[in-house]
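Shared between the two complexes below is subunit A, which has subunit B as its partner in the first and subunit C in the second.
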Partner chain A sequence: MTGVVGRSVESITGALRTVFTAEQVASADGLLQRRDPRVAVCSVAGLALAVMITRTIAVTLCFGAVTVILARLSAVPLRRLLARSLAVPLVSAVIVLPQVVVLPGDTLVRAFGLSVTVDGVAYVVLFTLRVGVGVALLSLIVMTTPFSAVVAAMRELHVPVALVWVIAVTYRYLFLFFDELQRLVLARNSRTTGRSSLRGGWRDAKRLVGTFLLRTLDRGERVGRAMQARGGARPPSPYSRSRTVDRGDYALVALAVIAVVGSGVVRWGL
Partner chain B sequence: MGPVIEARGLTHAYPDGTTAIQDVTVSIDEGERVAVIGANGSGKSTLQLALGGLVEPTAGTVRYFDETTDAEAVRDRLGVLLQDPDDYLFNTTVREDLEYGPAQLGMSREAATQRVAHVAAELGLDALLDRPPFRLSGGEKQRAAVASVLAFEPDVLLLDEPFGAVDAHYRDRILKLVTDHEGTVVLFTPSLDVVADVADRVIVVGPDGSIAADGSVRDVLTDSTLLQANGLRPPATVTLFEGILDADDVPLTVSDARAYLLDELG
Partner chain C sequence: MTRQIRMHIPDGFLDPWVAGLLWLGSGVAIGLAVRRARDELGDERTPLLGVVAAGIFAAQMLNWPIPGGTSAHFVGGAFAGMLLGPSLGVLAMTAVVTIQALVFGDGGIIALGGNLFAMAVVDVLVGYALFRALRGVHETGAAFVAGWGAITAAALAVGVGVGLSSAFSYELSVTVPIMVVGHALLGLVEGAITAAVYGYVANARPDLVLGRGDDSLSLEVGL
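The block that comes next holds the complex of A and B.
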């Protein structure tokens, strides 16, 4: 598969696969990397919760700034954090976009017989920002802590096994998803000559999607068996990487508690 | 010594109707070294999955260690290596993949760390432990997959083509780890050249997925008619000496052939 579509699929899958590994970031010496995994999971989840509570753009932006500061102190390149976190808020924005004309309020712009309202725009911006900051915070934890340590921390924190299971399997299958897609694109490119038109590229892409779904299903089954062969039918139980909690850990927990309480106060009052 | 795996009337058909294995009855005793050979598509891999308790057979039963038919109850004693190493490497680093089995199967962290370090050193993976698995070459992935099974020290190894993509050096290293394994080894392979190095018993899976023969390594590997009828070719050393020496004297391995020739040439 050549052409714009093929090249796009190839570059996007390659980039995403690289972005999702983050192995260098996880092994770097940074603020979050030095934290006990249980503390890191709880604190970052707390910050994400605070973001979800808030209904104010200014407060959400403050949390965005906190996320950027945490990323900088944890040696996480901002471009990589953005690349990892951007897709979800963009999709969310598309989903809630109709709200700009659906929500009543003062008219900002009139176009094609529709009124774009101030309240509608504010809602879409706030929603997208909240999702973006929340996803960026969760990405931070996965980028700065080995994934098995995150899973082990969730087990130690008595997060329901079913939830841990879903998170662990989903995360692992994300790798396989991109890996399978990239293999498929490479295999097709190696047997395709010449430049195809945009239309031809889309036609190829449609065929690719069908094959891809079948292949991911098959690969999923095989990987499931390989997990089962090594005890994967039992609840996820990676080795704990917990250590003695220190002042830095307490400080991070305090930050998360203040964020949650502060968000609540701003939203609901005292 | 009792059977570690005992299959009776094992049949497995896939949803599309393809019968991969049929009416397989086989018993593998503790400490045995068995090679399961067959042509491509004969059903070896499905037989391995069924014996390893990773597919539900359409008919028949598998009993483990003469105590249970539930493979999950003895999962820590069964080391199943599937054909494609990529299926084993789904964690963010090779180390996590190697620790996955020991952690899931309840091995202590200290024991697992030692064991992972040992198999990683044996298979030349030390420098790759903190790399993401998808960045490894085909041979490195194969070694990592083998290591991930050996890491939890199972009693029984069920290995499907463990030498697939590795170079000669690491093929010998894997071969040594497998032959040094103190428990039971069942090797599934279409390549007959390694069989005599590993096994003392050979099971031939026929094109229809049934057991076509079950006998000693010498009896099976020197029976060209049987092998050819099942889409297989005898090992190179057997082909070389067939008709020159009696079946009982034909060297089955390259090292045996070399020793024989050196002896003959004085």
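The block that comes next holds the complex of A and C.
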């Protein structure tokens, strides 16, 4: 089983590399790493909201600069942040590119009988920048806040405990299952030669996923029996941690609030 | 070249008010699912659902070959609904989509509500409803239609969300047909994968199949 199905190993390895890289940065000593996870998540969400509100290139560039400054203060390598944040805005730019000739406005340049308008170009630049800054802000959270801290923050923000538990257990078992699936694919690969046909590839993938899901269900049954044997009790919150909010946390919240209000004022006025 | 059937909306595509409405819609649906699941599961069995969700997440990593040398990935929302039932399916996919966003950086923070609405609510509930309605006619066929219809309906939800947003320059008359037609075609792959995986699991463990026992995973599994 070589070819497309066999290359799943690369997908799994790529996903694992992404997570391990992020965890490495998250363990560094930086501004966002030192913040209370509730504050970090809510403040970065506030900054993302401010970016979504704005319709001005200059304001979007300011938020881009704030994102870069936060990344530098949080020991996030800019190349890594850029690498994570580049693909989505580029694809988004391609999606809205026709607007350079569709949107009415003053003609910037004429080519092939089409008029590229100033408004069209401005829209594509603004849209791409907004998506880019939005993706960079999400990447910032991913790279500076360990997911266990995010899960703890969810509980402290009163997300229902049953849901927090499902998310926590999903995350806990995810890497075990990545490893199991990777071993299944490698084991099949090592016993097969030649390229498989489309039909053969589907047969292989069906068996792989079927076998894998059955193993998952078996593991679920074992976990269930083990938990019942222990009485089924669970602590009130997974990854629970108590932390006091400090001045730095208040400053970050203030920055987010100012960003949202400021963005609204620039767009709609007072 | 790998082509993933993904519909994560990044930040920047939705207006804040549309994102807020989608957060509200997914919040209500997930809240109802949590309430029903609490009754169905009991406290000690809740973590088991996470194990199954992790399995579905990992299964998404496998490349399925499609003509032209490219590949597609399993999304699994309809399969989750068929295997777990509507409430637990919604919770499982909520865990998957949340981890995709906050661990792998797929989608956006503000757009997370929209992504949850499309992939954890619409995908699961439509898949479950189609499978339940059609399984009496032909089980594997129902699984195919569920996978195909669910992904197309989720794409419709995304198309409406971005079409209503002034931040995205294309209007509903453009976004809805493009998303629906595009995903109706790509959804054939999701339908085929759902039917293939369902057939395999149903043959090996008929006790798990919706409607043959309970309306969710068997009591033996404990969900």
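Simple rule for what comes next: the second predicted complex is superposed on the first by the 163 of 270 C-alpha atoms of A that agree within 3 Å, B and C clash if a C-alpha of one lies under 4 Å from a C-alpha of the other, contacts with A are read in each partner's own complex, and residues count from 1 in each chain.
In this section, contacts are C-beta pairs under 8 Å (C-beta built on N, C-alpha and C of every residue); 3 or more make two chains touch, one makes a residue touch a chain.
This one's a predicted model, so the numbers in the text were calculated from it and none came from an experiment.
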Determine, under the contact definition given at the top, whether A:Arg172 touches first (subunit B), second (subunit C), both, or neither. both
For A:Leu208 in the superposed arrangement: first (subunit B), second (subunit C), both or neither? second
Applying the document's definition of touching, compare subunit B and subunit C: which contacts more of subunit A? C
Check whether A:Ser148 is in contact with subunit B, with subunit C, with both or with neither, and answer first, second, both or neither. first
With both complexes superposed on chain A, which partner does A:Val223 reach: first (subunit B), second (subunit C), both or neither? both
Return first, second, both or neither, reflecting whether A:Met52 touches subunit B, subunit C, both chains, or no partner chain. second
Do any residues of subunit A touch both subunit B and subunit C, and if so, which are they? 22, 147, 172-173, 176, 219, 223, 225, 227-228, 231-234
Sites on subunit A touched by subunit B in the complex: 17, 21-23, 26-27, 146-148, 172-173, 175-176, 179, 219, 222-223, 225-234, 236-240
Per the touch rule, the subunit C residues reaching subunit A in their complex are 2, 10-16, 19, 30-31, 34, 37-38, 41-59, 61-67, 69-71, 74, 91-92, 94-96, 98-99, 101-105, 107-111, 167-170, 192-193, 196-197, 199-201, 204-205, 208, 217, 220-223
Tell me, which parts of subunit A touch subunit C in their complex? 3-5, 7-8, 11-12, 15, 18-19, 22, 41, 44-45, 48-49, 51-53, 84, 88-89, 92, 96, 99, 102-103, 123, 127, 130-135, 137-139, 141-142, 147, 150, 160, 162-163, 165-174, 176-178, 180-181, 185, 198, 201-202, 205-214, 216-217, 219-221, 223-225, 227-228, 231-234
Residues on subunit B engaged by subunit A in the complex (per definition of touch): 49, 52, 54-55, 72, 75-76, 78-82, 84, 86-88, 90-93, 96, 99-101, 103-106, 109, 112, 130-132, 134, 148-149, 152
